[in-house]
Amino acid sequence: MSSIAVYPGTFDPPTCGHLDIITRSAKVFDTLYVAVLNNSDKTPIFSVDERKNMLSRITNNLNNVVITSFNGLLADYAKQINANVIVKGLRAVSDYEYEYQMALINNKINPAADTFFLTTTAENSFLSSSVVKDIARYKGDLTNMVPSEIQSIVYSKLTE
Amino acid sequence: MSSIAVYPGTFDPPTCGHLDIITRSAKVFDTLYVAVLNNSDKTPIFSVDERKNMLSRITNNLNNVVITSFNGLLADYAKQINANVIVKGLRAVSDYEYEYQMALINNKINPAADTFFLTTTAENSFLSSSVVKDIARYKGDLTNMVPSEIQSIVYSKLTE
Amino acid sequence: MSSIAVYPGTFDPPTCGHLDIITRSAKVFDTLYVAVLNNSDKTPIFSVDERKNMLSRITNNLNNVVITSFNGLLADYAKQINANVIVKGLRAVSDYEYEYQMALINNKINPAADTFFLTTTAENSFLSSSVVKDIARYKGDLTNMVPSEIQSIVYSKLTE
Amino acid sequence: MSSIAVYPGTFDPPTCGHLDIITRSAKVFDTLYVAVLNNSDKTPIFSVDERKNMLSRITNNLNNVVITSFNGLLADYAKQINANVIVKGLRAVSDYEYEYQMALINNKINPAADTFFLTTTAENSFLSSSVVKDIARYKGDLTNMVPSEIQSIVYSKLTE
Amino acid sequence: MSSIAVYPGTFDPPTCGHLDIITRSAKVFDTLYVAVLNNSDKTPIFSVDERKNMLSRITNNLNNVVITSFNGLLADYAKQINANVIVKGLRAVSDYEYEYQMALINNKINPAADTFFLTTTAENSFLSSSVVKDIARYKGDLTNMVPSEIQSIVYSKLTE
Amino acid sequence: MSSIAVYPGTFDPPTCGHLDIITRSAKVFDTLYVAVLNNSDKTPIFSVDERKNMLSRITNNLNNVVITSFNGLLADYAKQINANVIVKGLRAVSDYEYEYQMALINNKINPAADTFFLTTTAENSFLSSSVVKDIARYKGDLTNMVPSEIQSIVYSKLTE
């Protein structure tokens, strides 16, 4: 039994909610790829390299975590790295609906990778990258919202 | 990295939806306990032994699956068997809400076991033990609803 | 093109919400069976005959409506009366989830009958037979909740 | 401008979630009636007097809170005490749907009292009287679930 | 009793899910207008003529189906073609909420046309025009997602 | 006990649903700030001044209502005006989810202001500024959708 998991996301920027999902998944799966989606449709604030750099900083104590990026379909990327698990974090009910549909589609394209969902902790249930950006823009307090290692990077970018 | 998972349920009776969750989980976790909830509040049609027997029949080709039963709190039972994963299958949005709350509670009682959710396949999205019992009672067709190994057991019980 | 529809329910008692669904469906389908579910599991306040009688009173100006009752599976009853349409009224989101699952099951058992949903009007969105019974029990005002033809029957039964 | 609010509930037993709603409402409304629903249909574990006693203990530092009980329709009780506000606490989406319908009904019966909703804090989002009873029954830890003043009362009752 | 139904949509492109709703509606209503929304706000990939052409190809065995297009308010268009039924397909709960509100609005503007909902089959529950476009763009497999008659048209457009 | 409430919104334009929330809140809270969000990200049809002017016209009989505008974070603005209550109107379940998350975030940034929710009446449940704009654009009937005092302003703007 060997489990290779991929946790995809935009991570623009990574939040404490993302880190929580990464930490919990890394305890259970043998290898965890944290994969930055490089999607030309979206216009992220941080470049792919900046996002990978931030993810590396906050996960450098987790030995079985690999930071990567991909473009195209997630199901195809999962096949390429031999992942048999796709990890998704769930907050609200509306997340769930969307993610349920994505799980069905991904399974149709690549039946070898199965989607496992983790729910955020209560404390992180309202956290999202958009919320973080809004608060950073007005120099609000990001404690417990963004890992301390990358808070100054987030403030610098959003207030430049 | 060693993963011990527990998949709890009433399984009154087990359906193809349950078997799907079991099969997919058994591919990813090292050991999977399928644990029949023995709860005096509910009044199941099948005894705990009958349910364990049906689960054994339908999983006997899965080497890392162990059929058990428990009473009391799931979080306590997970601790007792050293499980670090609780597996739950999700169908509808209303399932998700309830299970999200249960995951938060279980995590509070036993932080060592984390809940991972799998969604049912589209084909099984409407399946439940109650639906199966309603259909069996009127001698309807249970193909693709209940694993073939236990269909006659289900019909016998519900029409006796 | 000939459409035979069945609108099943407990109707314990019928409300203005039920009558609204009946009226709107009767405008579109050639024949509409309004079918009282005679289910031994539930314990309705009104007998099947009382419920059929109330439904007859409030629909006697609708020529293509037939009041009936059934037990067993709805999908089987639909087959028996050659219905190609099952009508369901929807209020809240939680109704929708349950009814979606029932529509999938009914379609599996009887593919010849397809479920069509109507949503309640805004004014009736909070109405249900339970609400009506609660209010009648305390002699509250049932105007616009229960058709006027049967209000005295409802009050008599609930305050006897 | 004078606001008289009523916060109805079963409170079987009161939880930290209930106390949070009471505390926050008491800061905003002039008078807050916390009203135990005395409903013969439900079968609570604690008597009405026990529940009123527990509520008194946990709110005795809140001067504008009055502990009462009522039976019948909430909208009628609100009229009797001249309340112009009904307070409801919301957790999940399914709560919301039900409470929305109840707010519409209550407004129809008594337009003078309007329903105001508060959402639980993230920490209390999974808390309910049922969860508390389940945990107490198995002598689990009730810290942060039930106010400390009444924890021993809850344990005694559930393990007697 | 004569039923004229309109099934509006963007159909950019039509999917197997759309065709399923069309086929089932055409069995029940006397005439079914499939009406392409020509809305300047959206920026579809396919022109109105291309979408009408694809709809014609996949419905040419359905005699009571008419392919059209419209702009402006749906409720006004329904009046113009004397439709007494608006058909909508429902997938997820979030669809339902939005469509419920639209049904109330349409009914306010044009009370003569009533909205009837059909739910997608389980197999199509994750299908949407956006999903189809994403997969086509990466030359993924569109079998069972887009009717075979128009698959090459879809691939050509999305990979040009 | 003194309650200062703020009801924030885009109000582009204000609808009968907004006015209903304002009227009901003004009955319960000592002072009610109706605060137009001046957010550079959105591109409203009406200028901030036009929106404030419309709000003044429809609330000029409500003595404890103050029309203002703000930019930046709502939680910061609430602090600035010493508000201890944030008022939000809720329609659908999806509103609720989003607003629940916003309430948790606002409470984290400014614990002194607590969010109270009111649900729209059944009659207004489908009303929104977007619906109003769509209907006005096609010269549809805005009765009971937009307060009569500002209907001509809305028509003028949308059809200019």
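As written, the chain order gives the labels A, B, C, D, E and F, with residue 1 at the start of each chain.
Here is the rule we use: a residue touches a chain if its C-beta (ideal position, glycine included) is under 8 Å from a C-beta of that chain, and two chains touch if they have at least 3 such contacts.
All values derive from a computational prediction rather than experimental measurement.
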Both-way neighbours, i.e. chains that touch chain C and touch chain A: B, D, E, F
Joint neighbours of chain F and chain B, given as chain labels: A, C, D, E
Reference interface A-E: repeating pair among A-B, D-F or E-F with over half of contacts shared: E-F
Centroid spacing, where centroids are CA-atom means, of chain B and chain E in whole angstrom: 39
Separation of mean Cα positions, chain D and chain C [Å, integer]: 34
For chain D, residues contacting two or more additional chains: 93-94, 97, 100, 104, 122, 125-126
Which chain pairs touch, all of them: A-B, A-D, A-E, A-F, B-C, B-D, B-E, C-D, C-E, C-F, D-F, E-F
Parts of chain E lying in touch with chain C, wherever the complex brings them together: 1, 3, 24, 27-30, 64, 84-85, 90, 93, 96-97, 100, 103-104, 107, 114-119, 121-122
Residues of chain F touching chain A in the complex: 72-73, 76, 93-94, 97-98, 100-102, 104-105, 108-109
Contact footprint of chain F on chain A as seen in their complex: 91-94, 125-126, 128, 131, 134-135, 138, 140-141
Touching residues on chain B, where the partner in the complex is chain E: 93, 122-123, 125-126
